[in-house]
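The two complexes that follow have chain A in common; it is paired with chain B in the first and with chain C in the second.
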Partner chain A sequence: MICTGCSCLCEDIEILDSKVLNACEKGYKHISGFREPRTRNRVYGKEVDVDKAIESAIEILKSAKSAVIYGLDTTTLEAQRIAVKIAEKLQSYIDDNSSFCLGEFVEAILKKRIPSATLDEVRDYAYVLIYWGTNPYHSLPRHLSKFSYYPRGAKRNRGYDEDRYLVVIDVRRSEIAKLAKKNAKFIKVENDLELIESFEKALEGKAWKYDVAEIVREMKKADFNALFGGLGLKYGLNGNYKRFFDFVNGMNNFAPLYFIPSGFHANMRGFNETLFEEVGEVNKFSFRERRSDSQFSFSELVKNEKVDTALIVGTDPIASLPFDVSKKLLKVRKIVIDPKDTLTAKNAEVTIASAFSGIESGGEMIRSDGVRIKLEPIEKAEIDDVYILKRILEGL
Partner chain B sequence: MIRISKFLKIEAFFVVARHSWEQKTAIVYFHPEFARKSGIKDGDIVLISRGERSLKFRVKLLDTAPENGGVIPNSIFANYLTDFQNFKKFSAYVEIAEGEESKAEDIIYTITEKK
Partner chain C sequence: MPLTPMDIYKLLPKTNCKKCGEQTCMSFAFKLLNREKKLEDCKPLFEEKKYEVQLKKLQEILKPLEKATETGLIVRSELCNGCGNCIVACPVHVERDPQGAGIGKGPRIKDPIYRIENGKLVIVNMHLCRRYGKNRILCVVCRENCPTDAISFLEG
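The block that comes next holds the complex of A and B.
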């Protein structure tokens, strides 16, 4: 089966006599723990059947003055497409976690502002591997063993201590930073923009705040290098994305460097691509105004009290967003579609119990590098996100 | 015996990071050296305060935490103390406390009271 525990979407998971084989700890917990604790169909706290919950959701959405559809990063492309149709029908906003996660990077890749590659190409060809502001040990536990550092690839067949050069950039010596010993470098970064400047100066043969001359030398040796950027990089850039994209493109004048986002939920990239195919934008989109804008991100809409209703699919914003958003979200009418009884589900006006995508429900997802993966569920639930969203769309 | 560190309020640097196995309980991972200097022990309860908000966390020691503070797993507990300007890292005050770590329900109650 395919593990939907993170955006690696590992395809080599086996279930043998109820045992989960080949999964990392995160994937193992995701797959083996899917039966409990599950949410229930509820309307204003009272348990109801699924039909009543869906009808109530439709009534609430019909009466909304201003609605937002949010989440969708753990569901399938098929469900995401229906959610986009609902947003269009309601002339509402639609957004996902990428607006505060790695959406800017995916947007740059889809709009061809920076070069990217697949993880399979990384495994076969990449020499310098830069992990910048990301710790896959926890976020994408098999990233290094399946795709980047450890595997022997078509043109990288001598093992990691000879055929890979690992660079870890972080504010702390994380678990993967500890791997940076032989043929490797750890940079403890305090200012990401100064580090970019240091790379650019090194290309001119000058020393700057951070010592990166050796990294640049190693990159120039290779015909394929990869940079994996995570949330530490995003927030370290403090909004200066263009500066970073110029840096990546500038490096490519000297040595091939491909950027791949590192982190996020199983199908966050899928949401970005689904919306991009429909409207040419990756997130925070208003169907009423037919454009994307930072003021249309879920957090800004909630904080600025621009929405009275939220349809939330497969995510837990009360737990995952800062306090000033969470407290305002409690004032918004919430319809939650989720298999898990999250804090947001517990505090929603309507909760509709759904299935775990990839475990109880099939469809497609998109890996962090843009590769489409067909899910192989081990069970088939009658009621999943596609079923629920389709009925909501029909009811509207 | 009186622990002098019990009366200290120390400024610390925190990183908010995804942590595979701890999201449902209020846990802070301090760097062992920071904990030693601050008189904090594994298993202690500490009050972490940022601005007007504070929560109690159970202490664990981890050598991948920043040397001048700790890691708080990405969770409702971390997000209660953050804002988008300081979403992945922030400074806050730490003091040794009594009792148990904060629960998610306490935060929901607090948010509901303040909404």
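The block that comes next holds the complex of A and C.
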């Protein structure tokens, strides 16, 4: 089966004698342990059947003056496409977690501002691997062993200590920084922009704040290098994305460097690509104004009290977003489609019980590098996100 | 901290009484660590009352030895997060399973050394390990690539 615990979407998971093989701890808990407590179909706290819950949801959406559709990062591409159609019909806002996650990087890749590659290519050809502001030990546990540092690839078959060069850039000595021993380098970074400057100076042969001359030398040796950027990089850049994109493109004049965002929900990139195909933007989009703006991100909309209704699919904003956002979210009418009884589901006007994508319902998802992967569910649920969203769309 | 023969020697009677069959207490400490001898072979330690405190300490520090496999491997599964670095880095896996563990996937051979079960590392077949048997070599690749030090060996 395919594990949907993180955006690695590992395809080699087996279930043998009720044991889950090959999945990391995060994936195992996602597959077996984290499914309780299940949510029930509820309307204003009263338990109802699924038809009644969907009808109430349609009524609320019809009466909404300004609605937002949010979440969708853990569901399938099929469900995301229907959600986009619902947003278009309602002329509402649509957003997912990527507005505060790695949406900007995915957008740059989709708009071809920076070169990117697939993780299979990384395994086969990459020499220098830079992990910048990301700690896959927590976010993508099998990233190093499955795709980047440890596996032997077609052109890199001599193992990690000879055929790979690992660079870890982080503010602290993270778990993967401990692995940077032989043929590797750990840079404790204080200012990401200064580090970019150091790289650029190193290309000119000058020394700057950070010692990166060796990394640049190694990069020039190879015909394929990869940079994995995480949230640490995004927030370290402080909004200066162009500076970073120019740096990646500038680097490519000397040594090929491919950027792959790493560390997010299972199908966050899927949502970005779905919306990009439909409207040409990746997130925080308003169908009324037909444009994307930072003011249209879910937390900004809620904070500025721009919406009165929210359709939330497969995420728990009350628990995960800052207090001033979640406090205001309580005043918004919420329709939650979720298999799990989250804090948001408990506080919602309408809750519709759904199925876990990838475990109980099939479909397609997109891995962090843009590869489409068909899910292989182990159970078959009748009511899943696609069914519920389709009925809501028909009702509207 | 790994256990050394010196740690064991310090707690032994240090009389070189030879009752265990060894010439010195130091050599007994070495064999104890290699699990060629048992603590019970040291007779004075159990018979004489003055060694009571030392005996208790010895039994305590030798406890991990019982958990270790024949190759001296100890896996602390509470620290493991199932990243699988050890499985993919293992030279034996690469040689025997080039299309499975060798390229980062879960092992495809029937009896791999390690496997991830329910998110934790388990030892399946120690006999394949390079540390096993007469012509063993002290390979530590899996330990070196564990980000949480969940894998350790008796010698450190």
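The criterion applied here is as follows: the second predicted complex is superposed on the first by the 394 of 396 C-alpha atoms of A that agree within 3 Å, B and C clash if a C-alpha of one lies under 4 Å from a C-alpha of the other, contacts with A are read in each partner's own complex, and residues count from 1 in each chain.
As a working rule, a contact is a pair of C-beta atoms (placed from the backbone, for glycine too) under 8 Å apart; a residue touches a chain by one contact, two chains touch by 3 or more.
All of these numbers come straight from a predicted model, not from anything done at the bench.
Colleague: Chain A superposed: clash or fit between chain B and chain C?
Modeller: Fit - chain B and chain C, as placed by superposing on chain A, sit side by side.
Colleague: First (chain B), second (chain C), both or neither: which does A:232 touch?
Modeller: A:232 sits against chain B, while chain C stays out of touch.
Colleague: Which partner chains sit in contact with A:319 here, chain B, chain C, both or neither? Use first/second/both/neither.
Modeller: first
Colleague: Under the stated touch criterion, which partner chain does A:249 make contact with: chain B (first), chain C (second), both, or neither?
Modeller: Neither partner.
Colleague: Contact-wise, after the overlay, does A:183 reach chain B, chain C, both or neither (first, second, both, neither)?
Modeller: The answer is neither, since A:183 touches no partner chain.
Colleague: In the superposed arrangement, which partner chain does A:141 touch: chain B (first), chain C (second), both, or neither?
Modeller: A:141: touches chain B and chain C.
Colleague: So, A:66: does it touch chain B (first), chain C (second), both, or neither?
Modeller: The answer is neither, since A:66 touches no partner chain.
Colleague: Rounding in steps of 10 degrees, give the angle chain B-chain A-chain C taken between C-alpha centres.
Modeller: 60
Colleague: Report for A:118: first if it touches chain B alone, second if chain C alone, otherwise both or neither.
Modeller: After superposition on chain A, A:118 lies in contact with neither partner.
Colleague: Can A:172 be said to touch chain B (first), chain C (second), both, or neither?
Modeller: first
Colleague: For A:240, select first, second, both or neither according to whether it touches chain B, chain C, the two together, or no partner.
Modeller: Touch status of A:240: no partner.
Colleague: Which value, in Å, gives the least CA distance between chain B and chain C in the superposed three-chain arrangement?
Modeller: 8
Colleague: Residue by residue on chain A, keep only those touching chain B in one complex and chain C in the other, then list them.
Modeller: 25-26, 29, 141, 175, 178
Colleague: Quick check on the complex: what are the chain C residues that touch chain A?
Modeller: 80-85, 87-89, 91, 94, 98, 102-106, 115-120, 144-145, 147-148
Colleague: For chain A, which residues count as touching chain B in their complex?
Modeller: Checking each residue of chain A against chain B gives 25-26, 29, 100, 135, 138-139, 141, 171-175, 177-178, 231-232, 235, 263, 299, 318-324, 326-328, 330-331, 343, 347.
Colleague: State the interface residues of chain B toward chain A in the complex, per the touch definition above.
Modeller: 15, 17-21, 23, 53, 63-67, 71, 74-76, 79-84, 87-89, 104, 108, 111-112, 114-115
Colleague: Tell me, which parts of chain A touch chain C in their complex?
Modeller: The touching residues are 12-14, 19-29, 32, 123, 137, 141-142, 144-147, 150-153, 159-160, 175-176, 178-179, 181.
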